[in-house]
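Here is the structure we will look at.
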Amino acid sequence: MKVIADICIVPIGVGVSLSEYIAACEEILDRDGLKVDLHAYGTNVEGEWRLVMDALRLCHEKVHAMGAPRISTTVKLGTRSDRDQTMRDKVESVQKRLQDLQS
Amino acid sequence: MKVIADICIVPIGVGVSLSEYIAACEEILDRDGLKVDLHAYGTNVEGEWRLVMDALRLCHEKVHAMGAPRISTTVKLGTRSDRDQTMRDKVESVQKRLQDLQS
Amino acid sequence: MKVIADICIVPIGVGVSLSEYIAACEEILDRDGLKVDLHAYGTNVEGEWRLVMDALRLCHEKVHAMGAPRISTTVKLGTRSDRDQTMRDKVESVQKRLQDLQS
Amino acid sequence: MKVIADICIVPIGVGVSLSEYIAACEEILDRDGLKVDLHAYGTNVEGEWRLVMDALRLCHEKVHAMGAPRISTTVKLGTRSDRDQTMRDKVESVQKRLQDLQS
(Lines give C-alpha, C1' and ligand atoms only; values in the text may rest on other atoms or scores of the structure.)
Protein backbone atom coordinates (compact mmCIF):
# COMPACT_ATOMS: atom_id res chain seq x y z
CA MET A 1 0.00 0.00 0.00
CA LYS A 2 1.43 3.36 -1.05
CA VAL A 3 1.03 6.38 1.19
CA ILE A 4 1.54 10.12 0.89
CA ALA A 5 2.38 11.37 4.37
CA ASP A 6 3.03 14.70 5.99
CA ILE A 7 5.26 14.42 9.04
CA CYS A 8 5.90 17.10 11.66
CA ILE A 9 8.14 16.02 14.54
CA VAL A 10 8.31 18.28 17.61
CA PRO A 11 11.03 17.45 20.16
CA ILE A 12 10.06 18.63 23.66
CA GLY A 13 12.44 19.51 26.48
CA VAL A 14 15.37 20.63 24.35
CA GLY A 15 14.74 24.36 24.12
CA VAL A 16 13.26 26.36 21.28
CA SER A 17 15.66 25.61 18.43
CA LEU A 18 14.56 22.40 16.76
CA SER A 19 16.27 22.55 13.36
CA GLU A 20 19.11 20.24 14.41
CA TYR A 21 16.58 17.50 15.20
CA ILE A 22 14.52 18.10 12.09
CA ALA A 23 17.62 17.92 9.90
CA ALA A 24 18.55 14.57 11.45
CA CYS A 25 15.07 13.31 10.60
CA GLU A 26 15.35 14.62 7.04
CA GLU A 27 18.45 12.49 6.61
CA ILE A 28 16.51 9.44 7.79
CA LEU A 29 13.44 10.12 5.65
CA ASP A 30 15.50 10.78 2.52
CA ARG A 31 16.21 7.11 1.88
CA ASP A 32 15.89 4.75 -1.07
CA GLY A 33 12.29 4.30 -2.02
CA LEU A 34 10.97 7.49 -0.46
CA LYS A 35 10.42 10.88 -2.03
CA VAL A 36 10.62 13.77 0.42
CA ASP A 37 9.74 17.44 0.25
CA LEU A 38 10.54 19.70 3.20
CA HIS A 39 8.18 22.61 3.81
CA ALA A 40 7.85 25.23 6.54
CA TYR A 41 5.68 23.08 8.85
CA GLY A 42 6.67 19.49 8.16
CA THR A 43 7.87 17.15 5.45
CA ASN A 44 5.89 15.43 2.71
CA VAL A 45 6.91 11.81 2.22
CA GLU A 46 5.77 9.46 -0.53
CA GLY A 47 6.40 5.71 -0.68
CA GLU A 48 5.44 2.28 0.54
CA TRP A 49 3.55 2.36 3.86
CA ARG A 50 6.07 0.13 5.64
CA LEU A 51 9.09 2.15 4.45
CA VAL A 52 7.48 5.39 5.60
CA MET A 53 6.52 3.96 8.98
CA ASP A 54 9.91 2.37 9.54
CA ALA A 55 11.58 5.71 8.77
CA LEU A 56 9.20 7.51 11.13
CA ARG A 57 10.10 5.12 13.94
CA LEU A 58 13.80 5.65 13.24
CA CYS A 59 13.22 9.41 13.48
CA HIS A 60 11.70 9.06 16.95
CA GLU A 61 14.56 6.79 18.08
CA LYS A 62 17.14 9.21 16.67
CA VAL A 63 15.61 12.31 18.26
CA HIS A 64 15.44 10.57 21.63
CA ALA A 65 19.07 9.44 21.18
CA MET A 66 20.02 13.06 20.46
CA GLY A 67 18.71 13.97 23.90
CA ALA A 68 15.04 14.85 23.55
CA PRO A 69 13.15 13.23 26.43
CA ARG A 70 9.76 13.74 24.83
CA ILE A 71 8.45 13.99 21.26
CA SER A 72 5.03 14.97 19.91
CA THR A 73 4.60 14.21 16.23
CA THR A 74 1.70 15.03 13.94
CA VAL A 75 1.32 12.87 10.85
CA LYS A 76 -1.20 12.96 8.01
CA LEU A 77 -1.54 9.77 5.98
CA GLY A 78 -3.28 9.62 2.61
CA THR A 79 -3.95 6.31 0.85
CA ARG A 80 -5.99 5.52 -2.25
CA SER A 81 -7.27 2.24 -3.64
CA ASP A 82 -8.80 3.74 -6.76
CA ARG A 83 -5.67 4.96 -8.50
CA ASP A 84 -2.03 5.82 -8.12
CA GLN A 85 -1.29 9.43 -7.23
CA THR A 86 2.01 11.16 -6.55
CA MET A 87 2.77 14.24 -4.45
CA ARG A 88 3.45 16.08 -7.70
CA ASP A 89 0.05 15.01 -9.10
CA LYS A 90 -1.68 16.47 -6.06
CA VAL A 91 0.01 19.86 -6.32
CA GLU A 92 -0.39 20.08 -10.10
CA SER A 93 -4.06 19.15 -9.87
CA VAL A 94 -4.75 22.10 -7.56
CA GLN A 95 -2.56 24.47 -9.57
CA LYS A 96 -4.41 23.59 -12.77
CA ARG A 97 -7.74 24.33 -11.07
CA LEU A 98 -6.34 27.63 -9.84
CA GLN A 99 -5.36 28.62 -13.37
CA ASP A 100 -8.87 27.76 -14.58
CA LEU A 101 -10.34 29.91 -11.81
CA GLN A 102 -8.08 32.83 -12.65
CA SER A 103 -8.46 32.74 -16.43
CA MET B 1 9.16 1.98 22.39
CA LYS B 2 5.79 2.84 23.86
CA VAL B 3 3.55 5.40 22.20
CA ILE B 4 0.41 7.31 23.08
CA ALA B 5 -1.36 8.03 19.81
CA ASP B 6 -4.43 9.90 18.70
CA ILE B 7 -5.90 8.53 15.49
CA CYS B 8 -8.55 10.18 13.32
CA ILE B 9 -9.41 8.27 10.13
CA VAL B 10 -11.47 10.07 7.48
CA PRO B 11 -12.80 7.91 4.63
CA ILE B 12 -13.35 9.97 1.45
CA GLY B 13 -15.77 9.18 -1.35
CA VAL B 14 -18.35 7.29 0.70
CA GLY B 15 -20.75 10.08 1.60
CA VAL B 16 -21.09 11.99 4.85
CA SER B 17 -21.86 9.21 7.33
CA LEU B 18 -18.58 7.76 8.52
CA SER B 19 -19.53 5.97 11.74
CA GLU B 20 -19.67 2.55 10.11
CA TYR B 21 -16.03 2.88 9.06
CA ILE B 22 -14.90 4.32 12.39
CA ALA B 23 -16.60 1.47 14.27
CA ALA B 24 -14.77 -1.08 12.11
CA CYS B 25 -11.50 0.65 13.02
CA GLU B 26 -12.40 0.66 16.70
CA GLU B 27 -12.74 -3.12 16.53
CA ILE B 28 -9.27 -3.35 15.01
CA LEU B 29 -7.65 -0.95 17.48
CA ASP B 30 -9.22 -2.63 20.51
CA ARG B 31 -6.85 -5.58 20.46
CA ASP B 32 -4.62 -7.30 23.00
CA GLY B 33 -1.86 -5.00 24.13
CA LEU B 34 -3.56 -1.73 23.22
CA LYS B 35 -5.67 0.55 25.40
CA VAL B 36 -8.19 2.61 23.44
CA ASP B 37 -10.38 5.56 24.29
CA LEU B 38 -12.85 6.85 21.71
CA HIS B 39 -13.60 10.58 21.78
CA ALA B 40 -15.58 12.94 19.55
CA TYR B 41 -12.73 13.61 17.09
CA GLY B 42 -10.58 10.49 17.11
CA THR B 43 -9.37 7.66 19.28
CA ASN B 44 -6.58 7.64 21.83
CA VAL B 45 -4.45 4.50 21.64
CA GLU B 46 -1.70 3.44 24.04
CA GLY B 47 0.73 0.59 23.50
CA GLU B 48 3.89 -0.62 21.81
CA TRP B 49 4.78 1.41 18.70
CA ARG B 50 4.70 -1.61 16.40
CA LEU B 51 1.32 -2.84 17.66
CA VAL B 52 -0.20 0.62 17.20
CA MET B 53 1.24 1.02 13.72
CA ASP B 54 0.20 -2.48 12.62
CA ALA B 55 -3.33 -1.77 13.82
CA LEU B 56 -3.35 1.55 11.98
CA ARG B 57 -2.35 -0.16 8.75
CA LEU B 58 -5.08 -2.78 9.24
CA CYS B 59 -7.57 0.09 9.67
CA HIS B 60 -6.60 1.60 6.31
CA GLU B 61 -6.80 -1.80 4.62
CA LYS B 62 -10.20 -2.50 6.20
CA VAL B 63 -11.69 0.89 5.29
CA HIS B 64 -10.52 0.49 1.68
CA ALA B 65 -11.98 -3.06 1.65
CA MET B 66 -15.29 -1.63 2.89
CA GLY B 67 -15.40 0.50 -0.24
CA ALA B 68 -13.67 3.80 0.53
CA PRO B 69 -11.43 4.70 -2.41
CA ARG B 70 -9.52 7.33 -0.48
CA ILE B 71 -8.59 7.88 3.16
CA SER B 72 -7.03 10.86 4.92
CA THR B 73 -5.88 10.11 8.45
CA THR B 74 -4.45 12.45 11.07
CA VAL B 75 -2.31 10.86 13.78
CA LYS B 76 -0.55 12.37 16.77
CA LEU B 77 2.25 10.29 18.26
CA GLY B 78 3.75 10.95 21.68
CA THR B 79 6.82 9.09 22.91
CA ARG B 80 9.00 9.62 25.98
CA SER B 81 12.41 8.32 26.90
CA ASP B 82 12.50 9.90 30.35
CA ARG B 83 9.69 7.98 32.01
CA ASP B 84 6.66 5.81 31.50
CA GLN B 85 3.39 7.67 31.17
CA THR B 86 -0.12 6.35 30.53
CA MET B 87 -3.11 8.05 28.92
CA ARG B 88 -4.70 8.14 32.37
CA ASP B 89 -1.59 9.82 33.84
CA LYS B 90 -1.80 12.57 31.24
CA VAL B 91 -5.46 13.36 31.93
CA GLU B 92 -5.07 13.16 35.72
CA SER B 93 -2.02 15.41 35.61
CA VAL B 94 -4.00 18.17 33.89
CA GLN B 95 -7.05 17.66 36.10
CA LYS B 96 -4.95 17.97 39.24
CA ARG B 97 -3.50 21.25 37.98
CA LEU B 98 -7.00 22.48 37.20
CA GLN B 99 -8.10 21.74 40.75
CA ASP B 100 -5.11 23.67 42.07
CA LEU B 101 -6.00 26.62 39.82
CA GLN B 102 -9.61 26.61 40.97
CA SER B 103 -9.02 26.19 44.70
CA MET C 1 -21.31 28.37 11.94
CA LYS C 2 -20.92 25.70 14.59
CA VAL C 3 -17.68 23.73 14.88
CA ILE C 4 -16.50 20.63 16.70
CA ALA C 5 -12.79 21.09 17.29
CA ASP C 6 -9.98 19.07 18.74
CA ILE C 7 -7.20 21.23 20.17
CA CYS C 8 -3.73 20.09 21.21
CA ILE C 9 -1.42 22.88 22.39
CA VAL C 10 2.28 22.07 22.78
CA PRO C 11 4.40 24.72 24.55
CA ILE C 12 8.05 24.56 23.44
CA GLY C 13 11.06 25.70 25.42
CA VAL C 14 9.64 25.15 28.90
CA GLY C 15 10.85 21.63 29.63
CA VAL C 16 8.95 18.35 29.48
CA SER C 17 6.12 18.95 31.95
CA LEU C 18 3.30 20.69 30.12
CA SER C 19 0.28 20.05 32.37
CA GLU C 20 0.45 23.49 33.97
CA TYR C 21 0.03 25.12 30.56
CA ILE C 22 -2.66 22.72 29.42
CA ALA C 23 -4.65 23.33 32.62
CA ALA C 24 -4.50 27.09 32.04
CA CYS C 25 -5.89 26.51 28.54
CA GLU C 26 -8.65 24.25 29.89
CA GLU C 27 -9.75 27.14 32.08
CA ILE C 28 -9.93 29.41 29.04
CA LEU C 29 -11.74 26.89 26.82
CA ASP C 30 -14.30 26.03 29.51
CA ARG C 31 -16.28 29.22 29.01
CA ASP C 32 -19.92 30.11 28.43
CA GLY C 33 -21.09 28.76 25.10
CA LEU C 34 -18.46 26.07 24.72
CA LYS C 35 -18.61 22.40 25.67
CA VAL C 36 -15.23 20.87 26.41
CA ASP C 37 -13.98 17.33 26.90
CA LEU C 38 -10.36 16.74 27.88
CA HIS C 39 -8.75 13.53 26.62
CA ALA C 40 -5.23 12.13 26.71
CA TYR C 41 -4.01 13.91 23.57
CA GLY C 42 -6.02 17.12 23.36
CA THR C 43 -9.37 18.66 24.15
CA ASN C 44 -12.62 18.40 22.22
CA VAL C 45 -14.45 21.72 22.02
CA GLU C 46 -17.93 22.35 20.62
CA GLY C 47 -19.50 25.73 19.94
CA GLU C 48 -19.74 28.70 17.63
CA TRP C 49 -16.70 29.06 15.34
CA ARG C 50 -15.86 32.55 16.59
CA LEU C 51 -16.07 31.60 20.26
CA VAL C 52 -13.81 28.60 19.70
CA MET C 53 -11.29 30.62 17.72
CA ASP C 54 -11.27 33.48 20.21
CA ALA C 55 -10.64 31.01 23.02
CA LEU C 56 -7.84 29.37 21.04
CA ARG C 57 -6.15 32.72 20.56
CA LEU C 58 -6.46 33.48 24.26
CA CYS C 59 -4.81 30.13 24.97
CA HIS C 60 -1.79 31.04 22.84
CA GLU C 61 -1.54 34.47 24.48
CA LYS C 62 -1.82 32.92 27.95
CA VAL C 63 0.80 30.22 27.32
CA HIS C 64 3.23 32.82 25.97
CA ALA C 65 2.48 35.03 29.01
CA MET C 66 3.27 32.06 31.27
CA GLY C 67 6.75 31.99 29.75
CA ALA C 68 6.65 29.67 26.74
CA PRO C 69 8.61 31.33 23.92
CA ARG C 70 7.21 29.02 21.26
CA ILE C 71 3.98 27.05 20.77
CA SER C 72 3.01 24.44 18.21
CA THR C 73 -0.69 23.63 18.20
CA THR C 74 -2.58 21.01 16.22
CA VAL C 75 -6.29 21.65 15.67
CA LYS C 76 -8.93 19.61 13.88
CA LEU C 77 -12.05 21.50 12.83
CA GLY C 78 -15.26 19.79 11.78
CA THR C 79 -18.19 21.74 10.34
CA ARG C 80 -21.42 20.55 8.75
CA SER C 81 -24.01 22.37 6.67
CA ASP C 82 -26.36 19.39 6.34
CA ARG C 83 -27.39 18.99 9.96
CA ASP C 84 -26.57 19.80 13.53
CA GLN C 85 -24.34 17.30 15.30
CA THR C 86 -22.93 17.35 18.82
CA MET C 87 -19.78 15.74 20.22
CA ARG C 88 -22.05 13.31 22.06
CA ASP C 89 -23.86 12.42 18.82
CA LYS C 90 -20.54 11.54 17.17
CA VAL C 91 -19.42 9.22 19.95
CA GLU C 92 -22.84 7.58 20.33
CA SER C 93 -23.10 7.02 16.59
CA VAL C 94 -19.85 5.04 16.56
CA GLN C 95 -20.71 3.17 19.77
CA LYS C 96 -24.07 2.09 18.33
CA ARG C 97 -22.34 0.75 15.20
CA LEU C 98 -19.87 -1.10 17.42
CA GLN C 99 -22.71 -2.77 19.30
CA ASP C 100 -24.27 -3.82 15.99
CA LEU C 101 -20.91 -5.28 14.87
CA GLN C 102 -20.49 -7.18 18.10
CA SER C 103 -24.03 -8.57 18.41
CA MET D 1 0.38 37.99 17.06
CA LYS D 2 1.95 36.47 13.99
CA VAL D 3 1.35 32.82 13.13
CA ILE D 4 2.79 30.28 10.73
CA ALA D 5 0.02 27.84 9.94
CA ASP D 6 -0.37 24.66 7.94
CA ILE D 7 -3.91 24.15 6.69
CA CYS D 8 -5.36 20.97 5.20
CA ILE D 9 -9.07 21.16 4.33
CA VAL D 10 -10.88 17.90 3.53
CA PRO D 11 -14.39 18.26 2.06
CA ILE D 12 -16.55 15.18 2.84
CA GLY D 13 -19.51 13.94 0.84
CA VAL D 14 -18.42 15.27 -2.56
CA GLY D 15 -16.60 12.26 -3.96
CA VAL D 16 -12.86 11.62 -4.22
CA SER D 17 -11.71 14.56 -6.31
CA LEU D 18 -11.06 17.48 -4.01
CA SER D 19 -8.80 19.76 -6.08
CA GLU D 20 -11.66 22.06 -7.10
CA TYR D 21 -12.37 22.83 -3.44
CA ILE D 22 -8.70 23.19 -2.52
CA ALA D 23 -8.14 25.61 -5.39
CA ALA D 24 -11.05 27.76 -4.21
CA CYS D 25 -9.44 27.86 -0.75
CA GLU D 26 -6.07 28.77 -2.24
CA GLU D 27 -7.71 31.81 -3.83
CA ILE D 28 -9.08 32.84 -0.44
CA LEU D 29 -5.82 32.26 1.45
CA ASP D 30 -3.74 34.14 -1.13
CA ARG D 31 -4.85 37.56 0.05
CA ASP D 32 -3.14 40.77 1.06
CA GLY D 33 -1.10 40.29 4.18
CA LEU D 34 -0.71 36.52 3.90
CA LYS D 35 2.10 34.49 2.38
CA VAL D 36 1.02 31.08 1.12
CA ASP D 37 2.89 28.00 -0.05
CA LEU D 38 0.93 25.04 -1.40
CA HIS D 39 2.42 21.59 -0.82
CA ALA D 40 1.21 18.04 -1.44
CA TYR D 41 -0.68 17.71 1.85
CA GLY D 42 -1.83 21.21 2.74
CA THR D 43 -0.89 24.85 2.51
CA ASN D 44 1.54 26.84 4.62
CA VAL D 45 0.23 30.29 5.53
CA GLU D 46 2.11 33.09 7.27
CA GLY D 47 0.59 36.28 8.63
CA GLU D 48 -1.34 37.95 11.41
CA TRP D 49 -3.39 35.47 13.50
CA ARG D 50 -6.68 37.23 12.79
CA LEU D 51 -6.11 37.42 9.03
CA VAL D 52 -5.23 33.72 8.90
CA MET D 53 -8.24 32.74 10.99
CA ASP D 54 -10.63 34.93 9.03
CA ALA D 55 -9.38 33.38 5.79
CA LEU D 56 -9.78 29.89 7.25
CA ARG D 57 -13.37 30.62 8.16
CA LEU D 58 -14.04 31.96 4.66
CA CYS D 59 -12.61 28.71 3.27
CA HIS D 60 -15.09 26.63 5.29
CA GLU D 61 -17.97 28.87 4.23
CA LYS D 62 -16.90 28.69 0.58
CA VAL D 63 -16.47 24.90 0.54
CA HIS D 64 -19.92 24.45 2.12
CA ALA D 65 -21.36 26.90 -0.43
CA MET D 66 -19.78 24.84 -3.22
CA GLY D 67 -21.82 21.88 -2.03
CA ALA D 68 -19.77 20.01 0.55
CA PRO D 69 -22.08 19.09 3.46
CA ARG D 70 -19.21 18.25 5.79
CA ILE D 71 -15.60 19.40 6.19
CA SER D 72 -12.78 18.07 8.35
CA THR D 73 -9.79 20.37 8.52
CA THR D 74 -6.42 19.84 10.17
CA VAL D 75 -4.47 22.96 11.11
CA LYS D 76 -1.09 23.40 12.72
CA LEU D 77 -0.42 26.77 14.32
CA GLY D 78 3.03 27.98 15.32
CA THR D 79 3.54 31.19 17.29
CA ARG D 80 6.65 32.63 18.92
CA SER D 81 7.09 35.40 21.46
CA ASP D 82 10.90 35.28 21.49
CA ARG D 83 11.57 36.41 17.94
CA ASP D 84 10.16 36.89 14.49
CA GLN D 85 10.48 33.92 12.16
CA THR D 86 9.26 33.46 8.59
CA MET D 87 8.36 30.30 6.70
CA ARG D 88 11.51 30.79 4.67
CA ASP D 89 13.61 31.08 7.85
CA LYS D 90 12.27 27.73 9.05
CA VAL D 91 13.10 25.88 5.85
CA GLU D 92 16.53 27.51 5.47
CA SER D 93 17.41 26.74 9.07
CA VAL D 94 16.83 23.02 8.51
CA GLN D 95 18.57 23.04 5.12
CA LYS D 96 21.65 24.69 6.62
CA ARG D 97 21.79 21.99 9.32
CA LEU D 98 21.45 19.31 6.65
CA GLN D 99 24.40 20.75 4.74
CA ASP D 100 26.45 20.72 7.94
CA LEU D 101 25.50 17.07 8.53
CA GLN D 102 26.43 16.09 5.01
CA SER D 103 29.71 17.95 4.77
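By written order: A, B, C and D. Residues from 1 in each chain.
Following the convention adopted for this analysis, a residue touches a chain if its C-beta (ideal position, glycine included) is under 8 Å from a C-beta of that chain, and two chains touch if they have at least 3 such contacts.
The structure displayed is predicted, hence computed values, not measured ones.
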Any chain that touches chain D and chain A: B, C
When chain B is superposed on chain C by its C-alpha atoms, the rotation angle in degrees, nearest 5: 180
Whole-Å separation of chain centres (CA-atom averages), chain B against chain C: 16
Chain centre separation in whole Å, for chain D relative to chain C (CA means): 19
Euclidean distance of C-alpha centroids - chain B vs chain D, Å: 24
Two or more partner chains touched - positions in chain D: 8, 13, 16, 69-70, 72, 74, 76, 78, 80, 82
Contacting residues of chain C [partner chain B, same complex]: 4-6, 8, 16, 19-20, 22-24, 26-27, 37-42, 44, 46, 74, 76, 78, 80, 82, 87-88, 90-91, 93-98, 100-102
Chain A partner contacts - residues on chain B that touch it in the complex: 1, 13, 49, 53, 56-57, 60-61, 64, 68-82
Touching residues on chain C, where the partner in the complex is chain A: 8, 10, 12-13, 15-16, 18, 69-70, 72, 74
